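Below are two complexes that have subunit A in common, paired first with subunit B and then with subunit C.
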Partner chain A sequence: MRLALLFRQDPINRGERAVLVTFGTLVLAAMLYPLWASTYGITVVRDIMLFSIFALSLDYLWGKAGVLTLGHATFFGIGAYAMGILTIKVGASSLAGLFAGLGMAAALALVVGTFLIFAGVRLQYFAIVTIALSLVSTQIALSSSALTGGDAGLLGVPPFAIELIGARLELSDHLSQYFVALSLVTMVYLGLWLACRGNYGKILAAIRMNEYRARSLGHDTDLHLLIAFVVSAVLAALSGAVFAAVSGFVAPDLVGPLLSTEVVVWVAAGGRGTLLGPVIGAFAVTRLQQEISSIAAGLWPLILGILFVLLVFFFPDGVISVGRQIQAMLGGRRTLLRRQSA
Partner chain B sequence: MTEPLLVACGLRMNFGGVVAVQDVDILVESGELVCIIGPNGAGKSTLLNLLSGALKPLAGTIRFAGTEMVGRPMHQYARRGIVRKFQGASTFQWMTARDNLLVAGLGVAANSSGGLPDIGEALQTIGLLPQADTIAEALSHGQRQWLEIGMTLMCQPKLLLLDEPTAGMTVEGSRTMADLIQRLKGRFATIVIEHNMGFVERLDCRTLVMHQGQVICEGRFADLTQDSRVRDVYLGRPLRDASDR
Partner chain C sequence: MEAVVLAILNALTLISILALVSIGLAIIFGMMDIINFAHGEFMTIGAYTLAYIQSLSFFLAAGGRPWTRAFWLALIPGYAARASGLEAAPWVGAFWLALMLAPVAGALVGILIEAAVIRRLYTRPLETILATLGISLILQKGIELTFGSRPQIIYDPIRGTLPVLGVDYPAYRVFIIAFSFVIITVCLVVFRNTQFGLDLRALIQNRDMAEALGINTRRVSRLAFMAGAALAALAGVLIAPLASVEANLGIFYLGRAFFVVIVGGTGTIAGVLAGSGLIGGLETALSYPMHPSLAFALVMITAIVLVRLRPRGLIPGFSFAHELLGKK
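For the complex of A and B:
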């Protein structure tokens, strides 16, 4: 495959510049935020930034390649558990935990993806199988308690540390964790944005619109979708592993159906396929969750469901499209008025 | 003598007991233009599906440029030069005409040593330069048919399979299409399936007549119109056996 042609880029256009400026402003705001924020505020935003990487991984798979999975937390959880188990139970280094998590997620996605994608399993059928994947992994996390800590999960995951020729770099304070999370989400965002804006993104869009036609034009669509699935799983595991290392705990929720659903809501709420939308969606929905949970913890799943239904009805393209949609509505009314006056 | 570009032998396809294609042989030389006509249900589209790798024949072989093709995945057919235009428009709706052509060209170009064909030139050929940045959804039916043709050209075909290229086109449009096909003749081989007899007459090439899954006769279109079997097929009369003629 000729990668130069596959990833060839056009010059940045006006719309793209606006998106980049918006993202840059958000990054800048995030850089300044610790100046006045409390320690608690910093850890909250740190976690949300790690969840944004998770949201980005799903947006790449679902928004760009058109493959919906309802069990994506499986891969987040694999990353988190690999980090927890290797550092606590085995006593290995953080890096070993990280790479074990990424490797296991890649291997699982490769095996499951090969069986499903090359067998022609698509759309809702693919989504259903991935729900099963999430349920199975939750069950494993709950039942093999010697390793995973069962219901209670694993506490005391050591902070991320790298040893380089005698020098030891440890992410033990909130601020360094915060900035590592910020740089990770920035890198993942820019990486995916860059990869998807050129010819490669157009091929994915074509597969999303009409896979059969793309195949008849010589595109190996199965391979494209499998690669997207594996890369997405690895990114999800990355966010999970780093989350475990900075928050210090791993719990069965992190592989379960609720987180799998939440990430779909983040992406849908923000605007799927836009990359920027899901980052905003992860922030907005998670903040909302925290506000509501502080009033009544049990209410959240109910409100999440209602929110999702309302979003799909009123803003099917996510909050990032709200401006455009209002403009279209106003424009529509104006043409209607013109038509009536004519 | 060298082997023809396409050598398909003994192709057979059933759909749940219904015979769609039965023992069809087709030879096509490089650069040759061939038409296939026949009434509805004669198996023309199924034959095209077999030749383009969309369906796997129950029996038979397809040798293309010296390679056996049966059993290979569909994208390999396109990469090796068998490119198909679908019946009716199947473009990528929400992409511009230019991007449709780009994506169409990438499948082959990104996996071969040759480069991507010039998109501007393709737009010129299909007459869609003014609509280059219009999304396919907003094009007229006829324009989308032209876009489809452009997409197949972007694949750098050695053998182009056209399934009813003039469906839904105006008289003038189908005339332009016939002219284009004539003009491209020699650059690559083409198999055209058509209902539009005026169009086939204009192409004036070797023509195969299909009926009930078989090729019942072939020849130049002008000679075929005189053939009693062809008339019977098109009038819906049962085929007479060779012995009673």
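For the complex of A and C:
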């Protein structure tokens, strides 16, 4: 009953409809894209779609619940490494690798989150501690090379395969991988969107804006934040595990601080808390990265740094807010015109 | 016995460096609620200042014109020593010059960052993280593009060993420990016994109240930021002969420094000392029986557990940063 209240679905209003239409258009475009794209283009977009699940997971935690973590790649990497190690070293099925990754990420998030969130660790403190998390996991990935392949990582992760009562479904060709990635993004997006549009989203917003007040209104803020952290970790691990199975390799940079930083840029560039923004941000920034890397490979960190500073000063609400501002301006003018004609 | 003394001395070396880097971080965090992710780069700047001055002095001493030789003679004691036929190489003097100039370089970059970014984001602490993270990336890459990606060559400024408690210990490390001890003592005295220190402590306790009492909070913040940057640059010079001087030098110490601040407590120098003692001591002790990266991981995990047990740090200072809840 309480859950039903928490996730109660009201009729869709105008703003929500606009967002859904935009997302639907993007999905439609993504569905049509393979018609003219090259195989390379398909794999690029497929990877970016998996990364945008990762961006969505951070947006849920940072944008919706207000918890900034700078070590989110830890969970992405756990998913990827669990998939790689279980399928290559143990010989288990992809499904086992996937669930092991999700389970490990959830367990780690639960332990770390219990320690930190219930201790009142918030904001900058939380950001720092999670950086350490990513540093530690990179160290572990590099040093235990018998299991993780060390510096080189793991190559030859078998493609995702599911065996159901004799029938075997294997995602070995680019097109099926592409569409699985697309449907995963769509599901994660819609799931988060549906969860956060009602009362639950309002509670998270209350915690984000003033945790004291939210608590004095009777909400168990610690528990809410812990749940958000764990769910976000699981989603990150999901994107990591599928990424490993689809791209076929796992490398230490998948747990590292650079990816953790990049995902923050994707979310910030797109507009945090908007869910749609981070998906767009992941696309735009990753494409930019590829363009720059093809010109000068070493220059990307520099550009990333400049991008950070520009975002903070000029687009604190991300690219999506620019569109909203224009819309507001146009809308304003239209009402003005209507008023004049009336 | 010898091994224990050696371990303690090694720990003291790491602790000294950590304390120097962390003081600035802790004071800035306590004072403005701001975490400066570019703080590690001040250390890198210090180390590169040393590398640059050493190579410059070597170059000039090798084949300079008379007037440049005279210039360096006046400026660098080590050069004079060589000119007078002693054993010392010119780069020995360069080290002392770098020890004086690196804090200046660090403070200058610190002023720039404070004026361009931090001052504009006082009210948005989370955004400051992103902005300073960006600056850190820019500085790192900038240093790498200017000086190349290979590690810089650093000449040992002080050679030989000193007998310490029955153990022959590298004289340079003894120097690091002694020198840092002096600098940290000076910081403590400034923090406790001067008008600037009083203003600083007032600011850490309550910024608005300090301003209402007529303290020029902007000026105090700026000075504190500069001093923190200078100390980190100093630490960079000190560690340079022992470390591989690359553009990402600061990152390795920044991670530890964050933990020093979290474990020790923000806004106090005593907290920084307690934190560096714990983190530096633990890491040194653990890296004997196990792989260094595992030791590092264990230190981080210990720090996370400690944060749970003492959220305000071992020696909590008065700080707004501790009022973690209910702030945007």
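FYI, the second predicted complex is superposed on the first by the 322 of 342 C-alpha atoms of A that agree within 3 Å, B and C clash if a C-alpha of one lies under 4 Å from a C-alpha of the other, contacts with A are read in each partner's own complex, and residues count from 1 in each chain.
FYI, contacts are C-beta pairs under 8 Å (C-beta built on N, C-alpha and C of every residue); 3 or more make two chains touch, one makes a residue touch a chain.
Model, not experiment: these values are computed from the prediction.
With both complexes brought onto subunit A, simultaneous placement of subunit B and subunit C is permitted, the two fitting side by side without a clash. When the shared chain is aligned, subunit B comes close enough to touch A:Lys202, but subunit C does not. Look at A:Leu116: by the touch rule set out above, it reaches subunit C but stays clear of subunit B.
Looking at the shared chain after the overlay, A:Ile140 reaches subunit C, while subunit B stays out of its contact range. Greater residue coverage of subunit A by touch, when subunit B is weighed against subunit C, goes to C.
Seen from the CA centre of subunit A, the centres of subunit B and subunit C span an angle of about 80°, rounded to a multiple of 10.
In the overlay built on the shared chain, the residue A:Phe99 is in contact with neither subunit B nor subunit C. When the shared chain is aligned, subunit B and subunit C each come close enough to touch A:Asn210. Once the two complexes are laid over each other on the shared chain, residue contacts for A:Tyr33 go to neither subunit B nor subunit C. Contacts of A:Leu6 after superposition: subunit B is touched, whereas subunit C is not reached. Looking at the shared chain after the overlay, A:Phe315 reaches neither subunit B nor subunit C.
Distance between subunit B and subunit C in the overlay is 10 Å (nearest C-alpha pair, rounded to whole angstrom). Taken together, the two complexes place residues 209-210, 212-213, 215 of subunit A in contact with subunit B and also with subunit C. Every residue of subunit B that touches subunit A in the complex is listed here, in rising order: 52, 54, 73-75, 78-79, 83-84, 86, 90-95, 99, 102-104, 106-111, 115-116, 151, 155. Chain contact summary for the complex, subunit A toward subunit B: residues 1-2, 5-6, 199, 202-203, 205-206, 209-210, 212-222. Residue ranges of subunit C in contact with subunit A, taken from their complex: 29, 33-35, 117, 120-121, 124-127, 129-131, 133-138, 140-142, 144-145, 149, 255, 258-259, 262, 291, 293-294, 296-297, 300-301, 303-305, 307-308, 311, 321, 324-328. Taken together, the subunit A residues at the contact with subunit C in this complex read 68, 70, 112, 115-116, 118-125, 127-129, 131-133, 135-136, 139-140, 142-143, 209-213, 215, 261, 264, 268, 298-299, 301-302, 304-309, 311-313, 316.
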